[in-house]
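Residue numbering begins at 1 within each chain, and the chains themselves are lettered A, B, C, D and E in the order written.
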Amino acid sequence: MLDQLQVWAIFFLPLASFVLIALVVRPFLNHFSRISGLLLIAALAVAFLLSVQALVWTIQDKEIVSQSWTWLEFGGVSVDMGLLVDPLTAIMLVVVTGVSLLVQVYSLGYMHGDPGFSRYFAFMALFTASMLGIVLASNIIQLYIFWELVGLSSYLLIGFWHDRPTAAAAAKKAFLVTRIGDVGFLIAILYLFFQADEFAAQGLNAFYIPDIWIAAQPLAVGGLGILGGAGLLWFSLGVFAGAAGKSGQFPLHTWLPDAMEGPTPVSALIHAATMVAAGVFLVARFYPVFQASAEAMTVVASIGAFTALMAATMGLVMNDIKRVMAYSTISQLGYMMAALGVGAYGAAIFHLFTHAAFKALLFLGAGSVNHATGTFDMRYMGGLRRVMPATYWLVVIAGMSLAGIIPLGGFWSKDEILTGAWNGTGLIGPWVNQAVVAALLAAALLTGFYTLRMIIMTFHGEFRGGGDKESADRGEPAAPVSDDHGGPHLGESPKEMLAPMFVLGVASVVAGFLVNPQWIDLIGIPKHWITEFLLGGLEHNLLPLGVELHAPDFSPMMALASTAIALAGLGLAWLLYRSWTKQGVDQKEPLRMAGPVHRLLSEKYYMDALYEGAVVRRFFYRGFAGTLDWLDRNLVDGVVDLFGWIFRNFGPLVLSRIQTGQVQTYGAVVVLGGLAILVGFLLT
Amino acid sequence: MSLHDLYVISPYAGMAAVAILIILLDLVVPRKGLLPVAAVAGLLAPLILSLVQLNDLVDGTDLLADVVPASVLVGTLSVDRFALFFNFLVLAATALVIISSTDYVKRMQQFRGEYYGLILFSATGMMLLAAATELITIYISLELTTLPLAALAALLMTARSTEAGMKFLIVGALSSAVMLYGMALVFGFTGSTTLEGIAASVAAPGQQNVPFGSYAVLVGLVLILVGFGFKISSVPFQMWVPDVYEGAPTPVVAFLSVASKAAAFAILLRVLFTGFFDVSLEWAGLIAILAAASMTVGNLAAIGQSNIKRLLGYSTIAQAGYILVGVAAGITGAASGLDLPEYADIGPNSVLFYLASYTAANLTVFIAVIAVGNHLGSDRIDDYAGLVRRSPFLAGALTLGLVALIGVPPTSLFIAKLYIFTAAVDSGLAWLAILGVINSVVSAYYYAKIIRIMFLQPAAYQEAIPIPATSGLALSLSGVALLWIGIAPGYLLKMAEVASVALAG
Amino acid sequence: MTEFSGLLTATVFLPTAGALAILLFVGGDRNIRWFAAAVALADLVLSLWLFATFDRADSAGRFQFIDRFPWIPGETLNASYFLGVDGLSAPLVALTGLLGLCAVFASWHITHRIKEYFFWLLLLQTAVMGVFTSLDLLLFFLFWELELVPMFMLIAIWGTGRKEYSAMKFLIFTFLGSAFMLVAIVAVYLTPGVGTFDMTLLSTPGAMLGPAGLLLPLGALFWLFLVAFAVKLPTWPLHTWLPDAHTDAPTAASVMLAGVLLKMGGYGILRINVGMFPGQTEKFAWVLVVLGVISVLYGAVVTLRQTDLKRLIAFSSVSHMGLVMLGVGSVGVSQGALTITGLSGAAMQLFTHGTITGLLFLSVGLVYEKAHTRYIPDLGGLAGRMPLVAIAFLIAGLASLGLPGLSGFVSELLVFLGAFRAYPLMTALAVLSIILAAGYVLWMIERSFFGQSRERFAEITDASPVEAAPLVLLAVTIVGIGVYPSLLTDLFEIGLEPMVAILNGGG
Amino acid sequence: MSLENMMIVAAALFAIGLYGALARRNVLVVLMSIELMFNAVNLTLVAMAKYVAPAGLAEDVVQNIGSVLTGQVFAVFIIAVAAAEIALGLGIVFAMYRSSGAIDLSDATQLRN
Amino acid sequence: MLVVDIVFWILSVVAIGAALGVVLVKDLFRAALLLVVVFISAAGFFVLLSAEFLAVVQVLIYAGAIAILIIFAVMLTRDVQQGNLPNRIQIPAVMLSALLLAALVWTATQTPWGLVQEGSQPVVDLVQTTAVSIVEDDSLRAVGLESPEEQQAIRQAGLADLLINDFVLPFEAVSVLLLAAVIGALALVRPRNQ
């Protein structure tokens, strides 16, 4: 009972902070808005500790008895709000509370002086609570609820500076694009209810996640096969659509770069570490279902790999530091999806874990840089290495981790994905595995390139004027584009900001190896601890499909290859950008020599233009909706008004001809009427 | 004539006597304000007499039945509940019209006695009409109803008023000539002028393949219907209505639109149901078509009218159409595939109920129009702009009346329409019911237009419109009546039901 | 035959009494306002009391708080005054009470002909309450029609824009619809062997199949009723009165119109079409679904094109009310037993949409009152100037797009779940509307509340306490239902269970 | 001379009266024409009284003999009413003449749509 | 019989001709005079139809009173007369009248009228003429009425008797009607005070 309460507390602590901030602090204590931040940090600190506690319990295989609360009951099925704590959950709990805690501490400095300080922390609290809700949910509808609430928080936080039109538009776009995916998710849920009677016949609840796992186990291996065949495939694809929307997978990735309009810590927490990873989590959560469908797995793998590669190419040419990171995030999420698709379940979550650390750090670094320069445009940065050395080195560590340089965290997880993909699980066709590996390796090359390009443009060379120069170039009066309201000041960031970055830096360096030692049992941590731990949890829940559920052994060849490729990417960037930094702002981008390709990439493959310009605006909004609206105004109403016109003009047009005032016509009509009646009678 | 005969005709004689007394009073009393008081007080006489008769009727169907020796009145008159129902209706309408006229009549320096007298004469005719069962009596009563109204229409002596009187007289005389020819033919064929005798003759098998059994009855009945059609203002005999309504003094129009119409429907029912019941399957179709035409033409024409009296004229044509639905629905047989007609469960009683409800509603409207017109000196709808500011009471009452005419609950005509359309559906005339309902919707357009103008348009003048106590009283009475019928229609329904039993004999 | 507890009668007629009192006794703008608010509050308390004390036990009668006595006795029109609530109507009565109070508060700024205004407003409330509680068809129709005049007046006098045209259109459309209903009511009554207007009797299986056969085919009756309700709901293609009426109505009228008047249509479909013609409902379920899906999608698409805030919300109502049709269409389930899900969702949608559009219209009313425009391209940046209104609008907007945790989600989910079992493909199409809904709601919020705040809105102030009261009331309801929907669904299920049982038994 | 012949002559008079009532502008001519129509009806009625057996006459001529006069009675009443009608009609003609100075029906069209 | 027929045809020609004159003659005064001719020929018809009493009434009321009234009216309104002009709907009026005539003639000829049996016709004629002649026993016997009871019944049958018995109600009503009409007419023609 106590266990259960403690786990619930992880969720309720941030929620309570949200309620407190929204209903008490913001309306009544807004002068002491700092309370909001401290409140949330305190809550998250406790939540983090409880999460660690939960992790420990899970490791110890301690059953956390969960009671559930019936939220809604209809048609013989009840929607019970409950807890589902398995290894996946436990790790996600730690990641979410941990990163969130650090980001909140960072925000304390970053958001200092913003008039919406309390609102910011309220939203952050809501987000964290919702994210934890997703992670803890034992019921698919419960999960969907928090899934949407996470989308809401993301919307609110991207549009935090709602007076900026771009931020408002980006928030809307984020919500809308993810919602397209959610339609799939929702239809998947509807399909479950469609089958609810068959679930019930086996004593299962169609919405209870473990029951769904059971239902999806094929008859061939002794499962129930309630979900099977086309139904299972469509269910999986529906769930994946939801995941793809949240995780920015092609073709629903376009919202994520725009989402960088939000405050940078938001990008760090939501659009790098946690929420976007929720898509990966969702697929992982329903992995037992996906696994039963080779087609679904193939789709997940191909989309993931393709996204990883494609997003990386766009990352090459961006000038906005956060957009580079955003494309990088999409790319890395593609890695994770691909990993899930090829069956490297443990590796995918492991990568999620390491990625959370280094990508959050990168974003916080970007925030720090912005804090100093007042811009996100790397063309106006440069030379920051000297003024903010701590930031510089932390970003370098995170960057190298991203690029996959041994022995940083990113290396280990990426390597395990590649190995897993290379080995395959036999669930999907081998050609898919090969294609995935090829795409991921190509992406690794590009990752190295854009990472170093970003570091060089930002930190090396001469300082190129920052936000002031940018405004001047645009011909705007010095309207600070800066996030923070203290005004740019070229220098190191305050301690509140650096401290969390430092913690993340440490994590980026050591965590990868510590939690997942490849060769040896390291100081009591067993080999392949995290992947085995996760796979253990998974094994619990599914019937053997003849699939090897163990982490692949470390493959030196793969490690060598990936490292070489990463280094190649770094080297290429060094060659191209080393000299560029010495010159002025107007220097031509070296990549421009790629000509149309550069343009294609800069224009993001014209996908935004296609979606927003052609499909949504021109075809749908102007064409389709416009036509319907016109018809609605003119056709239906027109007919109605026509009747009105006829009625109104009956008098003037018809009546005045007959009702002339000449009384004898009246008499004539009387007689005519009588005669007409007679004739009528005689005719019938 | 025996004493009993005198008792039987006493309400009618009483009414005529009141009329004569008022005219005499006019000659001797200098204060003309007493006249309406005397007239309304005088109405108590026929009222009480009618009540006494009603009391006597508890077990019988007709005051003249079972009288020994047989009364000389037998055949010409049937003082039954049906007739008494209309006595009360006509008396109520007459009283309200007289009360609401008092202010209006002040315009006339002279002839106030004649005015009230003629109204009372006409009312005498109406009451007789409801009781008449013989063609000659019917004809005389009809003329007694019509001729004073023609004089009244012209009584303002303005060009418009005399034009209205003239039109009413000419169309009226023309249709009564046509009707007379019809009566002659019917008389000639059946050899009788009593409805009873006619019914007996009509029931006999006639010529093959000739509607109504013979050309004489066919042509005769159609020509008679022309005359009645003129009185009830049914299409296509309706064309005089808007002109006369516009030109005649408003209280007279009010009287014309309710009492005269009610009496005409009474005789229509009496003739058709008592005299021509055996051929009813043939005339029911005709009545249904007339109903459909009246509703539709009346409503379509009313849209776009700018004079409220004219609009109400068209509206009354449409209302006649609704009532005709009830007449047509009185007969079943077509629906049940029978060769012989049968009395419908709901038939004439729906007509009676509708007439009473309509009287309350239309009088409410007209009394308000009289009061407004008196002050404004205009009947243009546009001049009603902002009425609600100038006289909330009048605007409210007028709205109530108009809403009732649309047929919106909880007003009298809602139940009445419901009842009459119920009758139609029950008699297999669902199409007519649907058409009627659609027509009600169309009518909402122009009734609501008046409401809209009263409530929405800014008033050209701001000064309040005083409401004379008499108009206030009359409005309250009719308004309460229409609400009362709408909310608790049980009693009136019962009365109508009992009254219509007399028709079936 | 005669039963009288009086509570329901009091709930229904208290506003009328208040209206008459205002007309006759209360003077002074301030007094009138507060008096109206007191009446509305008292009525809310009564309706909540009904809601709270409704006996949910299995043993309790289906209809409770019955007030009944003969109204038009006799053979020709055997009607009674018969009020009562069941699980379906009790929440709707509470909703009416709630929105009634909000409407009074929303009318605080009215100074033009204030006496009449509150008279009509309170009268309207009686009419709507009457519709939800009548158990006699004739009485039902009476209240149904009674609502017309007050609404017409409210739009035509206190409206804006082409108010008279819109009021007239509203009147004619609704009147036309109810004309069909009247014919149906009469035909039902006259069906040999029926002879009653008692809705509880008519809802028993086979009640309409008299021994001597039918007067009109059941299908015809079903459609006659449906047309009336579809106009009110409104369903495509009978919806065109709604945008005009909403756009031009004053705030309080919009609130009542969208909040409860449209619900009368949905209630009618559930109570009469489903309750009395279960077989026909099953037979024509596919038509309902097709109409529902068209309404949902068509409404949403056309909504996207609107530039007037109120018109936009109005069209979104078309879309959302399509979901009611869709939910009712769930009875067309082809395999397995029918569950209550879809119907329950439809009923929930009535309630939740009532609160949501109510709140939307209240907020828009405040925007219009302060900014003097509802034209979206002219607005912008209002969130900074009127955060309270912006939050209220945001909550309502998000609820409207079906965000979990807010009330709209529950009803949409239930409708989709229920309908998917019957018509998976059509329902999947309807699910697309959640994208469109997000599109127009967020676009509206973005353009009117977000963005740079404009010079000319510099003087705008946030909602005053009186203005904020209804916002808070509705926002709390929306969140409350979103978090704890069982409060309502349980009750709706009590009300709908007998219908489902009949459908399953007869199907 | 027979019933048919008399009726045909009466019908001709009726039709002529109708024509006059409908097609003549002068209100006095119209009134006269209406009198023609009444006369035609009277002729018809009297002819019927003479030639058509009233109800019951076939059974017992003597007992029901009074009913052979019904047609004539009808005619008497019509004559009386016609007199009243013409009197009132002329009254209205005078009133009209005084108020608008014209007795032409085609000019009396103030009231119209 | 021949004489009666000849008279009938002469009267018919006169009546129809005069009636046409009434509606067609341009001079109103002549029209009014022709109306008198029609009235008098109608009285002639009445005599032929054994309604002597009616013939008298016809001459007295129509030719005597009504026609004189109309002639007065014609003379009083002489200043505004432009003669007897047709209006615009003359052609439709002719057509309508012709159609109505056709309908009425058709009805008259196609209806199986229940005619008086040959044997009863003399009795009927006798009764109908009693209004203006004294019934002699001879004439009663001449039509085949022999018994005193029958003779008594015939003697009692008469218009006056009917008017105060079977038709007493319309009789009283028509008197009220005449009164009302007179009051109405008087109110309309009396000079105004102002």
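What we mean here is this: contacts are C-beta pairs under 8 Å (C-beta built on N, C-alpha and C of every residue); 3 or more make two chains touch, one makes a residue touch a chain.
Just so we're clear, the structure is a prediction, and the values are computed from it rather than from any experiment.
Listed here as common contacts of chain A and chain E: B, D.
Between the contact lists of chain C and chain E, the overlap consists of A, B.
Taking each chain's centre as the mean of its C-alpha atoms, the one that lies farthest from the centre of chain B is A. Comparing chain pairs B-C and D-E by the number of C-beta pairs in contact, the larger count belongs to D-E. Of all the chains, the one whose CA centre sits at the greatest distance from that of chain D is A.
Core chain by CA centroid proximity to the global CA centroid: C.
Mean C-alpha positions place chain B and chain D at a centre distance of 25 Å.
Chain centres here are Cα means. That of chain B falls 32 Å from that of chain E. Distance between chain A and chain B, defined via averaged C-alpha coordinates, is recorded as 78 Å.
Centroids built from CA atoms put chain C at 37 Å from chain A.
Shown for chain A are the residues in touch with two or more other chains, namely 651, 655, 658-659, 661-665, 667-668, 671-672, 678.
The multi-chain contact residues of chain B, meaning those touching 2 or more other chains, are 136, 139-140, 143, 147, 150-151, 154, 157, 165-167, 170, 174, 178, 181, 185, 188-189, 191, 218-219, 242-243, 301, 305, 445. The set of chain D residues touching two or more other chains comprises 14, 17-18, 21-23, 30-31, 48, 52-53, 57, 70, 73, 77, 81, 84-85, 88, 91-93, 95, 105-106, 108-113. Chain pairs that touch, as defined above: A-B, A-C, A-D, A-E, B-C, B-D, B-E, D-E. Within the complex, the chain A residues that touch chain C are 70-76, 141, 144-146, 148-149, 152, 155, 159, 162-165, 167-169, 171-172, 175-176, 179-180, 182-183, 186-187, 189-191, 193-194, 197, 621, 624-626, 628-629, 632, 636-637, 640. Across the complex, chain A meets chain D through its residues 651, 655-656, 658-664, 667-668, 671. The touching residues of chain D, counted against chain A in their complex, run 18, 21-23, 30, 105-106, 108-113.
Residues of chain D touching chain E in their complex: 1, 3-9, 11-20, 22-26, 28-29, 31-33, 35-36, 39, 42-43, 46-53, 57-58, 61-63, 65-66, 68-70, 72-73, 75-77, 79-88, 90-95, 97, 101-106. Residues 70-77, 113, 116, 138, 141-143, 145-146, 148-149, 152-153, 156-157, 163-164, 167-168, 171-172, 175-176, 179-180, 182-183, 186-187, 189-190, 215-216 of chain C are the ones that touch chain B when the two sit in their complex.
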